[in-house]
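In the two complexes below, chain A is the common chain; its partner is chain B in one and chain C in the other.
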Partner chain A sequence: MSLSLFSIAFIGVIGLLGIGFYGLMICRNLIKIVIALQILVKAALLGLIAAGNLNGQINLSQSMALTVIVADTIVAVMGIALGVQIRRRIGTLDVHELSSLKG
Partner chain B sequence: MLSILTILIIGIPWIGAMCIWLLGDRHPRVLHALATAFALLAAIATLSVIPFSTSQPVVLIAMGGILGDFTLIPDGLAIFIAAIATVVGSAAVIFAIDYMGQAKQLARFYALILFFIGAMAGLALSGSLLFTFFFWEITALCSYALISFHNDDPRAVAGGIKALIMTQLGGVGLLGGALLVYSYFGNYQISSLLTHYQNLPPVVLGLMGFGFLVAAAAKSAQVPFHSWLPDAMEAPTPVTALIHAATMVNAGVYLLARFYPAFKSISGWSIAVMTIGVLSALLAGLMALAANDIKRVLAYSTISQLGYMFYAVGTGAIFASQFHLFSHAIFKALLFLSAGAVITALGTRDLGQMGGLGKRMPFLQVMFVIGALGLMGLPIANGFFSKELILESGLETGPLVFYLIMLFSAGVTALYTVRLLYLIFWGESRGRTQPTHDGLPAMRVSLIVLAFGTLTTWLLAGGFSQLLASTLPFHHLEAGPTSTMVKQICLAPTTWIALGVIALGCATWLVRTRFTTLAEAFKPMLEAGFGFDALNRQIVQGVKRTAAFVQIAQTGQLNWNVAGIVTGLVVILLVVLRGA
Partner chain C sequence: MLFGSLIIVILIFAIEAILAKQLITSALWLAGVSALCSVLFFLCGAQLVAVVELSVGAGLVTVLFVFAISVAGDDTLDATPVPPRSLIAILVAFFILLMGWFIMPISSSPVSAISNPPLAEVLWQERGLDLIVQVVLIFSGVLGLLGLLAEIKPPLDASMAGEVGAHRQRDLHALESQISNSQEAGQ
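Moving on, here comes the complex of A and B:
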């Protein structure tokens, strides 16, 4: 059985999405959550490139992917920076303990 | 030139609002002068556009994309609403010089009033439904901010929020209508709806018609949305006179009149409009009989008079409804401003502490009586002619039972107006405080202007009707000179019947002691506002309970939220897959 390039990319996207969402649902540690978020975004990146390849607009999708990488890096940096501050001020990284904003 | 003038009608008050906002509260005298100057300039700009009214857009700015074209059309209907907004606005601003005096946060007050005047003119002039909606919401926002102007008073804040929520409910109907127009015609222009409404599916047109009716009823404080208006009386009196008597509450009537040619073919729409009008006129009139706050009585009478206008639109008498709107704006602004002068002189709004003030306040008494003549619909005052026109067309085209109720409401109007006059100016003095003045100078200026208007604006009836007939291509209005109209009104038997009922209403006050038991029996029901307030409270409680129940889902835990997002994604994917 031979798989097309697109099928492989599609399986990759679904797999990464699954891992990312699973991580977000299961993890309580803020750092791990940031990592899961990164995996989720990588799925989106792969999806973008695959979609661009499929309809022949690879240039557009590559530039989009570059934009996503920049935005995603900022998200990661902010998330980790928040994590550091939370660890310093509250003394824990467990998101279940962080309920001071609960409505 | 015309396009610049038309833009200035909106632009002058808004520029004024910005200047005043930037200037801050440091110089009250400068603020008074600036606000008056900008309001008067806007009024002059509006009045100078009237001779050039046209049904064609004079301003057309392509906003691009989904916003469509921004158009301003100064046709007869629009320019009269704009004129009322700017002229009564000027009177209210002049009155406020004495009323607000050295009050705190004067800049906020004047900026919001000028912002409102511009938005109200824009609401009427805009030829694009989307921008009408934007201006509509700006007026609601200004109304909210001005009702809650004394924001350290919990009742003022509550009244403001109530008004905001109720008028927003209606705004949804207007936005929905605008989007439907866009989805069928590709633009928001009111004229394209009025030209091509036959192409719309009947269900869509019906949805729009009743959506607009809800919007209009909420804005114009009609049953069952009326209860925000009495609570809005916490606003400073010039605001009440301008927004909650003369202009914003008329926006609903204006909307219905504007779209009447498109909606009249919807089955049940005219009857629905008439029913809302009749119920509002009757119930609000009865509630005014029991109110003990001078401003609340006037608020109920506003609801009742707006009911007359709704009824007129329902019977197809567009001119009569707009003419009554015009008359009502003037005499009700006069009544509210006179009441405001009485309130500042006494320091109370409670009718139980007034009485016998006529001797000490002869000037305000005369002003109030002139306003009351308009409200009751007695000859010489403008309210007489407009109300008779409404009753006449109601008898001709509406169901007889509605006509009889409206006739009865006219009697009730006379009764509560006489009661109000008696409790303030006549009878025995019940108050402990002496009035401090009989109308301060600036107050007197604006009161005299409005009183003059109340006694003379019916002379404009002919010109107004010709203006409407020539600039509203979709409405098919009959026009005639004032003399024919006056003759027609004076010779119609309905006029004499109505005058008889009004006289009967006044006479009922003289023999009121015979009705004591009846009044006592009805008093609890009237004071409870026929249960509408309780209904409102129950709806609010229901929403709160639902919110508390749904709050279970709000765990504040990231894992649960992500699980919710994923579930939502899966559900949407399944729906899309099924659909495909």
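Moving on, here comes the complex of A and C:
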């Protein structure tokens, strides 16, 4: 069975999404969670570009992908800044410890 | 063949990024994923996105991660996940099957090319609202980052004028004691 180019790209998208979700559920470190989110966004970008290529509208998908890249970078920057501040104030990056804080 | 092998390498890099024991290693594997994704985008014909992804995803974000890790440090990486691993694996497998069921039929039926206007026209005319949202996002992101990274100063004890006056008084006393010390040393 020979797979087309797009089938291979979509297998990559599904794999990256699976790895990203696995990382989101398994990681307890805030910065690692942002890294898992980045992997999820890479999957979304790859899916967007592959779908645009498949549809013959690569320019439309490129303009959408640019928006996704900007939003993703802002999310990463804010997540990192939040992590640094939480580490400074509370002294931990473990989300389980953070959620069990009282008061 | 090149496409398939690139996808396999990207998946391996992503797994390594999730399973790495050190945060800095994880960030470097993520930079590798970004760089290889930009090669894939280039092969798909999205040259502009490939360039932006390479410079922003593999460059800027990696630098930010390295900065944050050097400030915050590595810890709790060996902590066990809150839900059991078997449950997570089952959920992810179910999710992958569901995604495959939805996505794979699409890939087998390519649509014939419709009108494909030039990128500049799409970006500046059809998706003009997106650009405005991007500008707003960048501004809000920069402002949020400045607010989050700012050092918190303790509140002033008195009014601003009082604080400045007290500071000058302290300086004056220090100067006077310095002069009297030098006069005593001269005598």
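Everything that follows uses one rule, which is that the second predicted complex is superposed on the first by the 97 of 103 C-alpha atoms of A that agree within 3 Å, B and C clash if a C-alpha of one lies under 4 Å from a C-alpha of the other, contacts with A are read in each partner's own complex, and residues count from 1 in each chain.
We adopt the following convention: contacts are C-beta pairs under 8 Å (C-beta built on N, C-alpha and C of every residue); 3 or more make two chains touch, one makes a residue touch a chain.
Please read these numbers as outputs of a predicted model, since none were measured by experiment.
Novice: I'd like to know which partner A:M25 touches here: chain B for first, chain C for second, both or neither.
Specialist: In the superposed model, A:M25 contacts both chain B and chain C.
Novice: Which holds for A:H96: it touches chain B only (first), chain C only (second), both, or neither?
Specialist: It touches chain B and chain C both.
Novice: Identify the partner contact of A:I74: answer first if only chain B is touched, second if only chain C is, both if each is, neither if none is.
Specialist: The second partner, chain C, only.
Novice: When the two structures are overlaid on chain A, which partner does A:I33 contact: first (chain B), second (chain C), both, or neither?
Specialist: A:I33 sits against chain B, while chain C stays out of touch.
Novice: Please determine whether it is chain B or chain C that touches the greater number of chain A residues.
Specialist: C
Novice: Which partner does A:G12 contact after superposing on A: first (chain B), second (chain C), both, neither?
Specialist: Second partner only.
Novice: Could you list which residues of chain A make contact with chain B in one structure and with chain C in the other?
Specialist: 21, 25-28, 96
Novice: Inside the complex, what are the residues of chain C that reach chain A?
Specialist: Against chain A, chain C makes touches at 3-4, 7, 10-11, 14-15, 17-18, 23, 26-27, 30, 33-34, 37, 40-41, 44-46, 48-49, 52-53, 56-57, 60-61, 64-65, 67-69, 71-73, 75-77, 79, 81-83, 85, 88-89, 91-92, 95-96, 99-100, 103-104, 106-108, 110-114, 116-119, 122-123, 126-127, 130, 133-134, 137-138, 140-141, 144-145, 148-149.
Novice: Show which residues of chain A lie in contact with chain B when the two form their complex.
Specialist: The touching residues are 21, 24-28, 33, 95-96, 99, 101-103.
Novice: Flag every residue of chain B that touches chain A in the complex, lowest number first.
Specialist: Those in contact with chain A are residues 551, 554-559, 562-563, 566.
Novice: Which residues of chain A touch chain C once you look at their complex with the stated criterion?
Specialist: Those in contact with chain C are residues 3-23, 25-29, 31-32, 34-36, 38-39, 42, 45-47, 49-67, 69-74, 76-78, 80-85, 87, 92-94, 96-97.
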